[in-house]
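Right after this note come the structures.
Same chain, two partners: chain A is paired with chain B first, then with chain C.
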Partner chain A sequence: MIATIQHYWRVTIVNIRIHLLTILEYPASIAGWALSNPIQFVVGFATIQFVVARFGTINGWGYEQLAFLYGIAVISHALSMIFFVQGWFMGYYVIEGDFDRYLLRPMSVLYQFFFNNFNIIGITDLIPGICVFTYGCVKVGFHWSILAVFELLALIIGATLIRGGIYMMLGTLSFWTKSTNEFSGFTQEFFDKTTMYPLTMYPRALQFILTFLIPIAWVSFYPAGAMLHMDGGAPALDVSFFGAMPFVTLGIGIVVMVVASLFFKVGLRGYESAGH
Partner chain B sequence: MSVISVEHLSKEYQIAKKEKGLRGAVKNLFVARKTIVRAVNDISFSIEKGEIVGFIGPNGAGKSTTVKMMSGILTPSSGHVYVNGTDPQKERIKVVQDLGVVFGQRTQLNWDLRMGESFEMLKHIYRIDSGLYEENMAMMNEILGINEFLDTPARQLSLGQRMRGDLVAAMLHSPSVLFLDEPTIGLDVDGKYAIRKFIKEMNRKKQTTIILTTHDLGDIQELCERLIIINHGIIMEDGPLEELIDRIAPYKNLVVEYFDENAVEHEKAIILSHVGNMVTYRFQKADLTAAQLIHDISAQMRIKDVTIEEAKIDDIIRIAYGGKENGEKE
Partner chain C sequence: MLAYRFDVFASIVFQCIVMFATSFFWKALYSNSDTVMGVGVQEMLTYTIISALMSIFLTTKVEDRVIESVRQGSVAMDMMKPINLFGIYFAEDLGYLTSLLFQNAIPIIVIGSLFITIPRPASWYHFLAFLGSFLMSFFINWFLSAIFAMWAFSILNMNPLVQAKRHIIRLLSGSIVPIWFFPSWLAKILNCLPFVYIYQLPLDLYIGKGTPASMLPRLAIQFAWLMILAAAFAILQKRVLRKVMVQGG
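Moving on, here comes the complex of A and B:
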């Protein structure tokens, strides 16, 4: 067990080294991302500001709370881009037969799929996320404590896993559809809109779906609401905010990831490579 | 125990039949007509330690599908594969730790970085200890001369260099079994020579069991002690090349040039053609030797020149595929 962990750890270090080397091979591409990615979030933040300026609050969430909510959404988005963005492109690997090489190496196929390709450029999303979140914390007068730090860690990890697991499940469909399934634009749009505003803004049916079926509401809305002690505006099925919600997010994240991994394993059994 | 044993292995694919045109495309949405294709159909064989086996067959015969099932990439529809006694479907990681695979058509080298980085990475992936790593690198460099382009990124390598790099990548962890899928495809004479030499050396030095698919007759003649010929997913032949030649073409031709248009007949040879001064005799190797035939006819008439023709390997292979008889064009 320890030997296995050491093995994966060493390979991860070498992977990071290789990624840094690759980035240095193509510096212009990095510069491009470093400029364009943050702009996207500045625009997102400006949108929220505009909405709040126009309508006052959204179901009890003011500008400060929305910054906090949006900060969590962007940070978990950035982390999911760093570690799980490959899920968006799984279809290409299926069609091109690129899983062949992973299947031939003595490591987990999923580990290789995500970590051989992990995306350091995602950091260009992470920095604006941290800025917005810090701003939100200051504005709401967030009370820092050891518990709060654990809550934040739990919810960020959980939220990242929820996003990553969903990308993975969508990607895994390619094993059956035998097509590239370009879900990336769709998922990003959907995740953006559903994590940056309070869930209560949406119709009850959608609230129900986002709580229980596709648990996106747990990425930012429930844990942020709980940490800010928001009341009223109780979402679907009259669930009120409760303190343990950040840990529920972590639990849901783990469950989503486990289900996605099992689903992937089933899909991989039907893998047909390319050319015969 | 056999290094590889394949038992009643089959693989089926579903292939969607698409109808043409817009009408067809709309129809395809509702009634998808699927046909089942048996790419590999109930094949069995076993391979012993240290063998070099050529896996031969026309395009689409099922060679790659079989290799991919043997290496655990594809799940068989039925039947079993055991590599060193282990089923790659059940214990993939254990099997691949002792397996090297090269696909001639695609590389496992990192496209953007110097080739050496790819080897470093593999060292960690396969947990190769530094001593063995250095030793293998030095030994393979001696045969393939890879040190010259160790610092070149794969995208700037020539096909021959890239192929050498891929062979090193596949053998770094000293696997006992090596699968090569068209290792000499597209290579020039030098490239082919280096790769064949490498295959022979690995087999000799490390007793590596090697299975290669190829369309190259040179590979077949120079490397393969044993051929498994597969077509339409079925094994057509399994044995040494010489045995195959003896069975499919148990004859030789003798072309004789006389001084005039008259020719001698021989009871044990038939005349295939007689054009001007040139006469082609065919005789069974079991009945007659070329020397005897030349002796007998030159005793009766003066001859100017002779050529002995062996059956062409490509004709033999083509017949073994289930193709047309010698000389006929498809």
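Moving on, here comes the complex of A and C:
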């Protein structure tokens, strides 16, 4: 058991090293993403701030609280891009028969799928995320404590796992559709719309779906709302019985990931390789 | 068969999701005010649907097409054909748009009208002005894309730059948030750049924001940008094609 873990750990380190070397070969590409991704999120938040400032608040959330929410959304997006972006492109692996190689090697297919491709460029999403989040913390006068740090860590890890799990489930559909399912842009758009704004702006039926069926609301809305003691505005679903929100997010993240892994295993059984 | 059908339905569903999300955003914002900046919720919802519709017709494939064919070398085959290289790409884009008209545009307008609001133009005159302005938007957008695509002949990894351009157009053209909600200093700067003439101006015309007298100078600027970009396109095209031929020789 320990030998196995050590083995996986060594392979992971080698993979990270190879990928660092690969991206360092193309400094212009890093520069390009370092320009493009901050534009997307910093300008993206600025437009929300402008419009919300004109209207005052949106369902009780001022632009200060929205910066906090938006920051969490972008940070978890960035981490999910670093670790789980493959879920977005799983269709290509299915169509082009890339799983053949993974199946032949004596390591877990799921592990190889995720950890053979570290998307270190995702850091260019992380930096604007941290900037907007810091701005939000300053603006709302966030009270820092040991507990708050633990809450944030639990929340960020949980949120990343929820996103990763959902990407993986969407990608796994390719095993059946035999299509590239290239909706990476739409997936991001969907997550942006549901994690960067107060959930209460959606109809209750949709809030219910996003809370219990596709648990995106736990990525940012509930935990951020709890940490900022948001109440008032339009009524949200009453989920207070779940207790300490950020830790609930972590729990849900783990559950989503486990379910996604099982779903992936089922899908892989139907894998037919390329050229069928 | 199943694969293609799945892709078509997925793209419609997701475009609708984006449209609905934006409309809920405006509804929530307008829940305690009737008009902001002279625009009411009804106009904003119309704005959202028409913007979604426009975004379908402003889809361009020319960048991806050039990036791919330069990378794979198939650009040489395209250049051997006895017609203008960018003419081929333009024709391909037009063909693609025609298919999108049936695949995406009609479903979007039907779903938007049924579930959000019927996107009525301010008047027939506004509608005609919108059509004229949108035609110019279309070409401004295509020339911008084609000029970007030309960089792919000299820059190895164009994807981040193309993404940056898409984000800028999405955020600073008024496609989601109209720039009249921006601080006035920023709106002034944006009014000098070509992006607002892709979405904002035709949308303003459609919902009837601003007096006809205030629209004429803006249409003139739009026309000026169209001419500037068309000229830049024509000049750059010659240079780029010459360069490629040298490489090929």
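Heads up, the rule we're going with is that the second predicted complex is superposed on the first by the 263 of 276 C-alpha atoms of A that agree within 3 Å, B and C clash if a C-alpha of one lies under 4 Å from a C-alpha of the other, contacts with A are read in each partner's own complex, and residues count from 1 in each chain.
Quick note on the criterion: a residue touches a chain if its C-beta (ideal position, glycine included) is under 8 Å from a C-beta of that chain, and two chains touch if they have at least 3 such contacts.
Keep in mind the model is a prediction, meaning the values are calculated, not measured.
Chemist: Should chain B and chain C be called a clash or a fit once both complexes are overlaid on chain A?
Modeler: Fit: chain B and chain C sit side by side once superposed on chain A.
Chemist: With both structures fitted on chain A, tell me whether chain B or chain C touches more of chain A's residues.
Modeler: The partner making contact with more of chain A's residues is C.
Chemist: Looking at the overlay, does A:11 come into contact with chain B only (first), chain C only (second), both, or neither?
Modeler: First partner only, chain B.
Chemist: Go through the superposed model and pick first if A:104 touches only chain B, second if only chain C, both, or neither.
Modeler: After superposing on A, A:104 lies in contact with chain B but is clear of chain C.
Chemist: What angle, in steps of 10 degrees, lies at chain A between chain B and chain C when each chain is taken as its C-alpha centre?
Modeler: 90
Chemist: One more residue to check, A:222. First (chain B), second (chain C), both or neither?
Modeler: After superposition on chain A, A:222 lies in contact with neither partner.
Chemist: Of all C-alpha distances between chain B and chain C after superposition, which is the least, in Å?
Modeler: 6
Chemist: On chain A, which stretch or stretches are contacted by chain B in one complex as well as by chain C in the other?
Modeler: Residues 26, which sit in both footprints.
Chemist: Given the complex with chain C, which residues does chain A contribute to the contact?
Modeler: Interface residues on the chain A side: 26, 28-29, 31-33, 35-37, 39-40, 43-44, 47-48, 50-52, 54-56, 58-59, 177-183, 186, 189-190, 193-194, 197-198, 200-203, 234.
Chemist: State the interface residues of chain C toward chain A in the complex, per the touch definition above.
Modeler: Touching chain A from chain C are residues 2-4, 6-7, 10-11, 14-15, 17-18, 21-22, 24-25, 27-33, 36-37, 155-157, 159-161, 163-164, 167-168, 171-172, 176-177, 181-183, 186.
Chemist: Across the complex, what residues on chain A touch chain B?
Modeler: Touch list, chain A to chain B: 7, 10-11, 14-15, 18, 21-22, 25-26, 99-101, 103-107, 269-273, 275-276.
Chemist: Could you pull out which chain B residues touch chain A in their complex?
Modeler: 13, 39, 60, 62, 64-65, 68, 71-75, 92-94, 96-97, 99, 101, 103, 105-106, 108, 110, 112-113, 117, 120-121, 124-127, 153
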